[in-house]
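Two complexes follow with subunit A in common, the first pairing it with subunit B and the second with subunit C.
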Partner chain A sequence: MDEMKDVILEYVTEEYLEEDDDEISFDTPLISGGIVDSFSMVSLKRFLENKYSISIPDDKATPEAFDSVNKIAVLVQEFVK
Partner chain B sequence: MSFNDTVRGVYQEQLKSIKDAGIFKQERFIHSSQAADIEVEFPTGSSLKKVINMCANNYLGLSSHPEVVKAAHEGLDARGYGMSSVRFICGTQDIHRDLENQVTEFLGTEDTVLFPSCMDANAGVFEAILTKDDVMISDRLVHASIIDGIRLCAAEHDTFKHSNMKHLEKKLQLHADKRLKVVITDGVFSMDGDTAKLDEMVTLCEKHDAMVFVDDSHSSGFIGKTGRGTHEKCGVFGKIDIITTTFGKALGGASGGCVSGRRELVEMCRQKARPYLFSNTMAPVVVSGVIKVLEILSGSTERRDKLEENTAYWRKGLTEAGFVLKEGDTPIVPVMLFNAKLSQDISKDLYDEGIYAIGFFFPVVPQGQARIRTQISASHEKHHLDKALEAFIKVGKKYDILGKTKQEIIEKFGA
Partner chain C sequence: MSNIGSYEDRNKDFDWSLAEKELGYKDGDTINIGWYCSDRICEMGKADKTALIWEGLGGKEKSYTFNEIRLASNTIGAFLRELGIKAEDRVCLFMDKIPELYIGFLGVLKIGAIAQPLFSAFGDESLFVRLDNAKTSAIVTQRKHVAKVRKIIDKMPYLKHVIVVDDDGRKPLREREIAFSLENAVPVESIEIHPTKAESASVLHYTSGTTGQPKGVQHVHYSLISQYLTTKWVLDLQDDDIYWCTADPGWVTGTSYGIIGPWSLGVTQCVKDVGFSAVGWYEFIQKRKVTVWYSAPTAIRSLMKAGDEVVKKHDLSSLRHLASVGEPLNSEAVIWSEKVYGLPFLDTYWQTETGSMMLTNFPGMKVKPGSMGKPFPGITAAVLDAETFEQINEPGKVGLIGFKPGWPAMMRTYWNNEETYKGKFKNGWYLSGDRSSIDNEGYFWFTGRDDDVINTGGHLVSPFEVESALLEHEAVAESAVVAKPDEVNMEVVKAFVTLKPGFEASVDLELKIMNFIRKKLSPLAMPQEIEYVKSLPKTRSGKIMRRLLHAKEWGEEIGDTSTLEDDE
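What follows is the complex of A and B.
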């Protein structure tokens, strides 16, 4: 789980943060905090599905479920066999 | 179910939450033609107030230009009021074709098709030209109408960081296996006023076999040496595959929009774009006005030159006064305040001083980037800009933000 969170944090940092942005933590609100807009969430979902060989149904890939690295890790765990 | 108290309550609750969030939009009634000087009824029911308009998209000051108004009158007399039909049944007049040809020539493309608005053009274009085997790669700050168009299209979608060409290239590599690729951007971004890096984007797209889409709504008519748009400014005139633009801003400001670009793509829009197929196109009176606008702009660069001078004067004045601005050289000049409440308070104080300028905050702009967006027009005279500047300085002093850095403003007011 910890390793997964590190992987997700690294991806989110590289994919969504600009160079002068503050660092984020596992609990930083991503969607509600305006770091990841719900429209750009699609690349994060695709990354998770490819990385962990899973398929996240659209009704589970909600802005709430993607709102922090911790929440994303919990969601991914549901689908990893 | 009728519209009973329970149903009404659902909507009342939703409207209350919009109000509670501070994002309830309220119209201000203008009792005059669109211009630099307008008379406004705000709040509703109050007596009229004369203010200087610093927030219209009337970049070239053509919204109420006598020659445009005259041409619209003549068009009304010659071709009537409405068409009562969609284009492909019996809703196309000779002047629709004339305008499409003139837009094609003005933008330096192969063909053009009109839409009721640019919102409709953006909503319809992607679905008409792409399938599930294709990919759309869009800048993260593109206009809401493009986002709607992307959502309506079956093609895969990805985004790249705002104006970040390295990130775009990574995405082009990631989607190398797709049948068709389209990179999507605004020409000038409406909230920040910055210009897309179209020269670099075209080079990347040529390298990776991708098409380029540009929404030039905040550019057509005044960006570039002869006002053709961002493709002229960036030295890639003739190299943009799809341009959408509006006639509701600089180009007369009434309504209407278009898709202009490669012949086959435009033809696909005529065959498949739903807002074109299932709604009336621009009314003859508006078409006649836009034809006159293009005639004026093709004959002289006087208005866009004046706009450029006004913009430089306004930017210099605000900078010397000590405001924090978003960098750029377009007539969209955002005065950065960072804090949402501060942007609303300053907007209100400016209005009291006779200056009409709107404050924007999250979610319209990113969190912590609240601002007053000012928009300059060729219809502004020096005395308008001087009076507006005087008001900005007076209000800036009241909140003690002049000469303060971003960090200092955030420390004082929060982000």
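What follows is the complex of A and C.
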């Protein structure tokens, strides 16, 4: 789980943060914090599905479920065999 | 009693001079939106009334009275003037929904410069084409967005100043960059308001078309007349209202109805500069006691998805009037909002080019869920035959939506693109690019776009712009971009691509291409799906037939394929 959180945090930092943005933590609000918008959530979901060979149903991929690295890791864990 | 009273009565002998009179404007007078939205309200005795309540990340809150808005916009205007910004220079506002965006907009207008707001999620390429088209003199932005400007600044010798509103001194600014802090600046009590006239350019908003680069829609200060009156009659804003427009001023709704409309009426508005969450939005309404809420179908459908239970956990009893804009509001959303909020969302239809509402559902009018409503008084609207551009009078028959030019907020041109502007008019009508029918009671019913432009979450995306950007990716040989149906956003971007030799189709590559477009253009333009194909359908002359791909996505008849190159 910790390793998974590190991977997600690194991906979000790399892909969604601007050069001068402050560092984020596992609890930083991503969607409600305006770091990842609803359109960009699609590419984040695609990354997770690809990385962990899972399929996240659309009704589970809600803004609330994607709102922090911690929450995303819980969601992904649900689908990882 | 609503401000409009009877729609039928208002239509009788309607004249825009009614709004001129209320605003104390006479033909030939100076008319400056910046002054009307701040100084005039103070002169009316509302200097100490709250103009803006702002909430940002991490629970940050700020509040401004109309007098503070007046002083702050003077201060920004004076700063720009000192830098050498002159009347008609273009000043880009490239910020999140922070107070400096709203106040800076007025400051730019006060000195007679042209405000060019741009959506802060735009990537460097999207930013560049818009600044380059306008030959923008200055950009006002935040530290977090400076990196995007730095990537392109060497290509823009005309861009003299990059003004950073939240510089903290941690990293040195570069050439042409300058810090400005509204909080630390000495308030400027009075500045000379530039004597703009009715036809003086005010705002430049960029919108996308099917072909070519984005178009700069140029508005004038006289647009205030219809923005003021439509806000009063359609949004029904009254003196004690707390108004929330969820739109970003990077787009036209956020300026026409997120700045000009409410503040020209002296109404308190609140702004939430935080991403979407149903709970967050309901908490905001509850805490701020929002009375009038102007939002978008995509947001409403997202709230529908979040369910009814979360609504019940909040006290939303302050709400008294709801309206929607951006894309057609489906009947289910109207019915649902009436069920859960006790109020239907009333759809409004207008465009960047129209500058103000054209077809709307008015307070007190019978609501037909799914309909765009009826023309605003003073607006002559019709559906037109696509070949002859003659008016169709048969109820239920679909045609192009056309408007008789002449309302105050109508665009005056496309910046540096008069030819395309002229092409928007046929047989004395302005063509909106949308299709609809009119029923036997005069209600308009949207049926679709008349071109390939993609309306995603209420924002127009040009397939051409995305296709061009896709070709810049090292793996992409050819591309075609169409709209794909989407439950929440109505449409999303879908790309079909062929790959160059040496590249293999994979999910990993799809993700890389998606992110490439997201960063280069914007999250809105990012294809939500990429389909790898061996070849794209083309005419014998080599033109990609988007129509076929679109039909496939929407399960429609493919139609005439006689000009198709091959059918593989």
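Just a few scattered comments:
Note that the second predicted complex is superposed on the first by the 81 of 81 C-alpha atoms of A that agree within 3 Å, B and C clash if a C-alpha of one lies under 4 Å from a C-alpha of the other, contacts with A are read in each partner's own complex, and residues count from 1 in each chain.
The working rule: contacts are C-beta pairs under 8 Å (C-beta built on N, C-alpha and C of every residue); 3 or more make two chains touch, one makes a residue touch a chain.
Owing to the predicted nature of the structure, the values given are computational and were not obtained by experimental measurement.
With both structures placed on the common chain, the touch criterion links A:55 to neither subunit B nor subunit C.
Of the two partner chains placed around the shared chain by superposition, neither subunit B nor subunit C is touched by A:25.
Touch criterion met: A:37 reaches subunit B and subunit C at once.
With both complexes placed on chain A, subunit A has more residues touched by C than by the other of subunit B and subunit C.
By the document's definition of touching, of the two partners only subunit C reaches A:67; subunit B does not.
In the superposed pair of complexes, A:47 makes contact with subunit C only, with no contact to subunit B. On subunit A, the surface patch touched by subunit B in one complex and by subunit C in the other comprises residues 18, 33-34, 37, 39-40, 42-43, 46.
Listed in rising order, the residues of subunit A touching subunit C in the complex are 15, 18-21, 29, 31-40, 42-43, 46-47, 49-50, 62-64, 67.
For subunit C in complex with subunit A, the touching residues are 57, 96, 121, 143-148, 171, 273-280, 302, 305-306, 456-457, 488-489, 492, 507-508, 510-511, 514-515, 518, 523-524, 526, 528. Listing the residues of subunit A that touch subunit B in their complex gives 16, 18, 33-34, 37, 39-40, 42-43, 46. Those residues of subunit B that touch subunit A in the shared complex are 140, 147, 157-159, 161, 362-363, 366-368.
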